[in-house]
Structure formats: C-alpha cells, structure tokens
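Before anything else, here's the structure in question.
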Amino acid sequence: MKRTIPLAIVLTMGITMMVQFFVPHPVSVGYYDLTTRWIRIVGAFALVLGTGSFIMFHSDKVRRRRQGWYYSIISLVALVVTTVIGLGWGIRPGSILQNVIYANFLVPLNASMFAILAFYMASAAYRAFRARTKEAALLLIAAFIVMLGMVPIGASIWGKLPELAEWVLSVPNMAAKRAIIFGVALGGIATSLKVILGIERGWLGGGKQ
Amino acid sequence: MHVSTDILTWVAVVLTVGIFSFLWKDNPFYKFCEHLFVGISLGYFISLTWYNAVYPDLFRPLFVQPLSEVSLGNKLLFIIPLLLGLCYFCRFIPRVSWLVRFPMAFVLGWGAGVTIPAVLQTSIIRQMQGTFLTPGIFARWDVFLWAIISFVGVVCSVLYFFFSREHKGALKVASETGIVFLMVGFGASFGYTVMARMSLLIGRFQFLLRDWLGLIQ
Amino acid sequence: MKFFDALQRIDRRIIYIVMGLLVIFPLVKPLGLGVSSGPRARTLFDAVDSIPAGRTLLISVDFDPSSMPELYPMLAALMRHAFARDVKVLLCGLWVTGAGLADKAVTEIPPEYGKKYGDDVVYLGWKAGIDAVILGMGENIKNVFPTDYYGHPLDSLRMMNEVVRLRDIPMAVAISAGTPGYTDWLNFAQSRYGLRLGAGVTAVSAADAYPYLQTGQLTGLLAGMKGGAEYEVLVQKKDYSRAYMPAVAAMDSQSLAHVVIMLLVIVGNIAYFATRKRGA
C-alpha cells in the first residue's frame, strides 16, 4: 500500500493528463481545470519540505555547537523576523516587507552575490581559457566575435562585426543549440514516461516501506 | 557628489560590501551576510506563499467565504488538495513519513502527463519543422546557403551525440563536423556569459555610484 | 622569460582591482560609444508597437534581484512603451523572489503616464506550480488569481473584465532569468493557447533562444543588458519616454569590460605558450 498506491496515482494522473490534451470534451476540460487548481494548492504546500529541512538543519547545528553554529542563529532569526513581519504586516505597497526587507536587504544581498562572479570570470579567463586544441581555438574565436559584436565598441572597431556576431548566433549556434534541445526534450519525455510507468522510482525514497 | 543620508541605503551598501569582501578571502562579515540572505529569502518565500497562494486559493474559499459565495460541494472539493498538502508535514514524523509520497505522486504524475505533449510540440515537432528545407529558402542565395548550413549543422550535431555505434567512416566525418558547430555554439554561449556577469557587476556599481555616492546622474 | 613566469603567477586580486577600476571609469566618465538597435530588439518593439490601444500586453516577471541589472531595464522600457501607446499592462510572475521587483515597477512607472492601477495596469502576483499557473490562465485567469498581488478581488478591477483568459491577450513578453521562464510559456501557453510571445532573457541564456526565434515561436528577443539598452533607445527615439536609461548608461562600461576580458585571455595565452615552449 505504501508504494503501490503512490505508483497507481502517478500512473493515473500521467495517463489522464496526457489523454486530456487531445480530447477537448467538456468532461475532459472540467477534469483538467479541477486538477490544475488542486496542483497549485498542493504545490504551495511543498514549501513545508524546504522550510522544515532548513529549520532542522540549522537548529541541529546550533544544538550540537557544530563549527560556525552562531551563523545558523543569524539564519534562523532572519527567517523568523522576516516571516513575522511578512505575515503580520502584509505585502501591500509601502509595507515593511517590501520597502525595507526586500528593497534594502534581499536585493543588495542577492544582486551582490551574483555580481562577484564577474571577478571570478576575469580571473578564470586569464588562468584557464587556453587555446590548446583546434576545438578550443574555435570556441575562443566564436566567443570573441560575440563578445565584441554584441556591444557598442564592436561596431566602432568594424561596422560589420555586429552582423557577423548575429550570423554566428543565428546559423551555427542555432544549429548546435537545436541539436541540444532535441536531446534534452527526448530525455525529458523518456524520464516522464519512466515516472508514469513506475520504472523510475527514485522519488519514493529508500527503505523497504 | 551627494552622499545619501538614507539609513536604508547605507544598510544596502554595508551588505553589498559584506558580500564583496569575499573577493579578498572568506571572512566572518561575508558569512554573516550569506546566512542573513538565506534566512530572509525563505521568510519572504513563506510570506508570499501565504498571501499569494494558500490564503486566496485554499484558506479563503474553504474557511472565510460564506456558503452563499462558495457552495458546499465546491468547499468539499478543496478538502482533497488540503489533505494532500498536509501530507507534506508527515515527512518530519518518522512513523508516517511515507504519506509524503501521496502529494508527490499527484504532482509528479500531473507534471509528467502535461509535459509530454507540450514538450513534444514545442521542442520536437516545431523544431523539426524549422530544420526542414522548404521552397521559401530559394528566394535569396544567402537564405538558401544559411538554411543548408543550419540543416547540416543540426544533423551533424545530433549525430555527434549518437553513441550506439562507433564513430568510424561517414559517422566520424559527420560527428567531427558536429563538434565544429557545437564549439561555435559553446563559444557563443561563453561570449554571452561574459556579458551577463559583467552586467551584474555594473549594476551593483551603478547602485554604489548613483544611489549611494551620487557621483553619476 | 622571467617576465612570462611572473605573468603566469600574477595575484588574482590584482586582476580584480584592474577589472573593477576599468568598469567604474566609464560610469563616471562616459566614452560616448552610443547604442544601436539590433534586428531582434526591433522585431519585439514593432510587435509591441502593433498592439491596438486599449488592448493588453502581458508581461511575465520571471527573474529576481540577482539578474535585476540585466532584466529590470527591459521591464521598465516595455511598460513605458505600452503606456505611451495606451496599451494596458498585465503583470504576473513565476519567480517568488521577483515579486518585489514587479511591485516596484507597478508602483513607479504607471504614474509617469497618469495610468491608474486597476484600469490600466494590474499585477497578479506569484503562484506556486509553474505549468499549472500558465495552463490555468489559459482557461480562466480568475480561477488562478482570484485576487491580485495586493489582495484585491479581480472582479473589482475594471481592466480584468476585458481579460478573461490568455486568448484575450494579443501578446505576451516573458522576461526570464532561467527556469521557470519563456520556455514554460512556449510549452504551455503557446502550444496550447496560441499565445504570441516575445522574450527578454539574461545574456547567459540568450544563445539558447535562437532555435525558437528561427521557427517564429518567439517574436523578438532582448538579450541581456544590451537588449535592454536597445529597447530603451527604441522607446526614446519614438519619444515614448524621457526617463533615465540605466542600461544605455552602462553600455560603455560593458564594452570596456569585454575588451578587458579579451585582453586577459590573450595575455594569459601568450604567457602560457611562451612558458610551455621553453619547457618543451
């Protein structure tokens, strides 16, 4: 029961949702509409998994005084304070959540976290990007054409550079990316079918239950 | 130069510097900012999930709206997703943790079912249509030439990923041609990645120079 | 040869400082390189320009602050373009941490054109369940979003009386930083409901969008901050806006940063091959 019923649910939902795509009958549309509403509600509850794991991980770290446990207190306090402010004062325009926490804490932290990648890219470009083979040289040339052609200085150096960059993107790049799309799509469809048919059962978790 | 006097702008600046300090080396200031970010993000997520999803989609119709607005039958229909959603909490109760499989099965089955026809149409059928050589390509010499190159590129790149046969003879030629296209594709992606990363850095500098220091208008 | 050895061992922090200074310099003292618009941005601009006044443009805000410098200028320019032409704007989002950015745009931009919330612009907010959200909007937007982001029932917003489902929307633009993003709109909104879709993407994922442009699934593309700058220029050229253009202002820095990266690759390779030759 613990494994069979979930597998039966997956099979039923998978097959019916595939079939309803091709059947525009009112019953099919009604079923589709109802399950679509349900899935949004169930999907929102999935947050419980993430939040629970987060609290368990950090509280365990604090309890056992593991290395850097005091940073976990910061995470837990930030979580509680943000949640209390968010749920207590709401998300309307001018709210503390939006005007203070989001605009002046979340935005700079998140944006800066990704901004520092530019420096690592510069360092990696200097140390690791070597034209050791013909293929690497080709990659390098294509990268240079796009890098220059897609910014204003490219047109100042040679007027045709933006057109060349656009050609690289529209013809050889497009062909390569389309081949990758085929691979990814076929892989995705195969995995979905394996899940529906119960061949892929990793999501059930380990153990004999 | 007009340095901002807004305390919140200064907070944002301090946090920005805290994250940037990692460039020098890992340090407590950075770690503080990092952990603060994780906690705030999750708190924000919870608040929005309540106000944008759980309250309007479930709590309000089930518990707040009167029967004159939502019929009893419709209210009962909300019980099923509520029970499925509550099963997620069982993940943390060892004796009944297996119940978490029910909502997961529902979500996975539904997702797999709707994804297959959609992906088939968007990423297989339409992409194959775009690859075929049609009469329209004969309109101009350059259109014709680029269409032929694209067609060869797609076929050869796909063949490069065909590992069921040893790459010998014609297949070797095709897969080697495929590598050329793939390398140009990866190069284009790399060029664009440089652009992306630099843009993010510029964005942060614009904040520091404009909003904080008032050096640029 | 000692010179090349020294080049190989240069401290990463020196590279960081050079990089940082060269990015900052053009922000303070612009080089005046100018920005011209490419064909992909023009296609999107023309498509938005052809939406009849009074109809609705849907913008999906599928990004968060991590890609704000690249994508927020696109969102602002698109909204200004729409409002200048009396096109209504409906916003929604698939990224929870992007909700605040859409809220910022809805609060700041409509007043520039005297547009009123509920009549000319509505922000639906964020919902869990990506594909379920898009598919649900195809059938009935009110079923997915009974209330907007701020908690107003959709029935109380006049604009929403004319927009019931995705088929009532002549065009949508997905501004995406990854997944979920424009591919989900293609998969579920276009394949099932025939929604005409344009895209604004981070530069990282721009090269991946070209197969969808070639098939016509995407109507125009804005790639990264440069894409945002191109759209800002197009909007200003037609005198639709005189607002500050953050992406255009960043383009000199962007150009210089690219040159620096290329020089770093070239110098790194010269030093590598010079020392390798000696070793061989």
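Read from first to last, the chains carry the letters A, B and C; within each, the first residue is number 1.
Heads up, the rule we're going with is that contacts are C-beta pairs under 8 Å (C-beta built on N, C-alpha and C of every residue); 3 or more make two chains touch, one makes a residue touch a chain.
Since we're looking at a predicted model, the values are computed, not measured.
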item: Reference chain A; chain at largest CA-centroid distance; value: C
item: Chain with minimal offset from the mean of all protein Cα atoms; value: B
item: Averaged-CA centre spacing for the pair chain B and chain A, given as whole angstrom; value: 4
item: Distance from chain C to chain B - Cα centre to Cα centre, in angstrom; value: 14
item: Averaged-CA centre spacing for the pair chain C and chain A, given as whole angstrom; value: 17
item: Junction residues of chain C, two or more chains touched; value: 16, 20, 23, 66-69, 97, 99-100, 127-128, 132, 135, 149, 151, 192, 206-208, 211, 214, 223, 226, 254, 257-258, 261
item: Multi-partner residues of chain B (each touching 2 or more other chains); value: 23, 41, 44-45, 48-49, 51-53, 57, 110-111, 114-115, 117-119, 122-123, 127, 130, 150, 185, 188-189, 192-195, 198, 200-201, 203-204
item: Sequence positions of chain A contacting 2 or more other chains; value: 21, 37, 39-40, 42-44, 46-47, 90-91, 102-103, 106-108, 110-111, 113-114, 118-119, 121, 125, 140, 144, 146-147, 150-151, 169-170, 173-174, 177-178, 180-181
item: For the chain A and chain C complex, residues of the former touching the latter; value: 21, 29, 32-33, 36-37, 39-40, 42-44, 46-47, 90-93, 98, 102-103, 106-108, 110-111, 113-114, 118-119, 121-123, 125-127, 129-131, 140, 144, 146-148, 150-156, 162, 166, 169-170, 173-174, 177-178, 180-181
item: Chain A-touching residues of chain B, taken from the complex the two chains share; value: 8-9, 11-13, 15-16, 18-20, 22-23, 31-54, 57-58, 77-78, 80-82, 84-86, 88-89, 91-92, 98, 100-120, 122-124, 127, 130-131, 146, 149-154, 157-158, 160-161, 178-195, 197-198, 200-201, 203-204, 207
item: Residues on chain C engaged by chain B in the complex (per definition of touch); value: 13, 16, 20, 23-24, 27-28, 66-70, 96-97, 99-100, 125-128, 131-132, 135, 145-147, 149, 151, 183, 186-188, 190-192, 202-204, 206-208, 211, 214-215, 217, 223-226, 244, 246, 249-250, 253-254, 257-258, 261
item: Interface residues, chain A side, partner chain B - complex; value: 2-3, 5-7, 9-18, 21-22, 34-35, 37-52, 54, 56, 68, 71-72, 74-83, 85-87, 90-91, 97, 100-119, 121, 125, 135-136, 138-147, 150-151, 167-186, 188-189, 192-193, 195-196, 203-205, 209
item: Complex interface listing, chain C residues touching chain A; value: 10, 12, 15-16, 19-20, 23, 33-36, 38-39, 64-69, 97, 99-100, 103-104, 107, 127-129, 132-133, 135-136, 139-140, 143-144, 149-151, 192, 206-208, 210-211, 213-214, 223, 226, 251-252, 254-262, 264-265, 267-269, 272
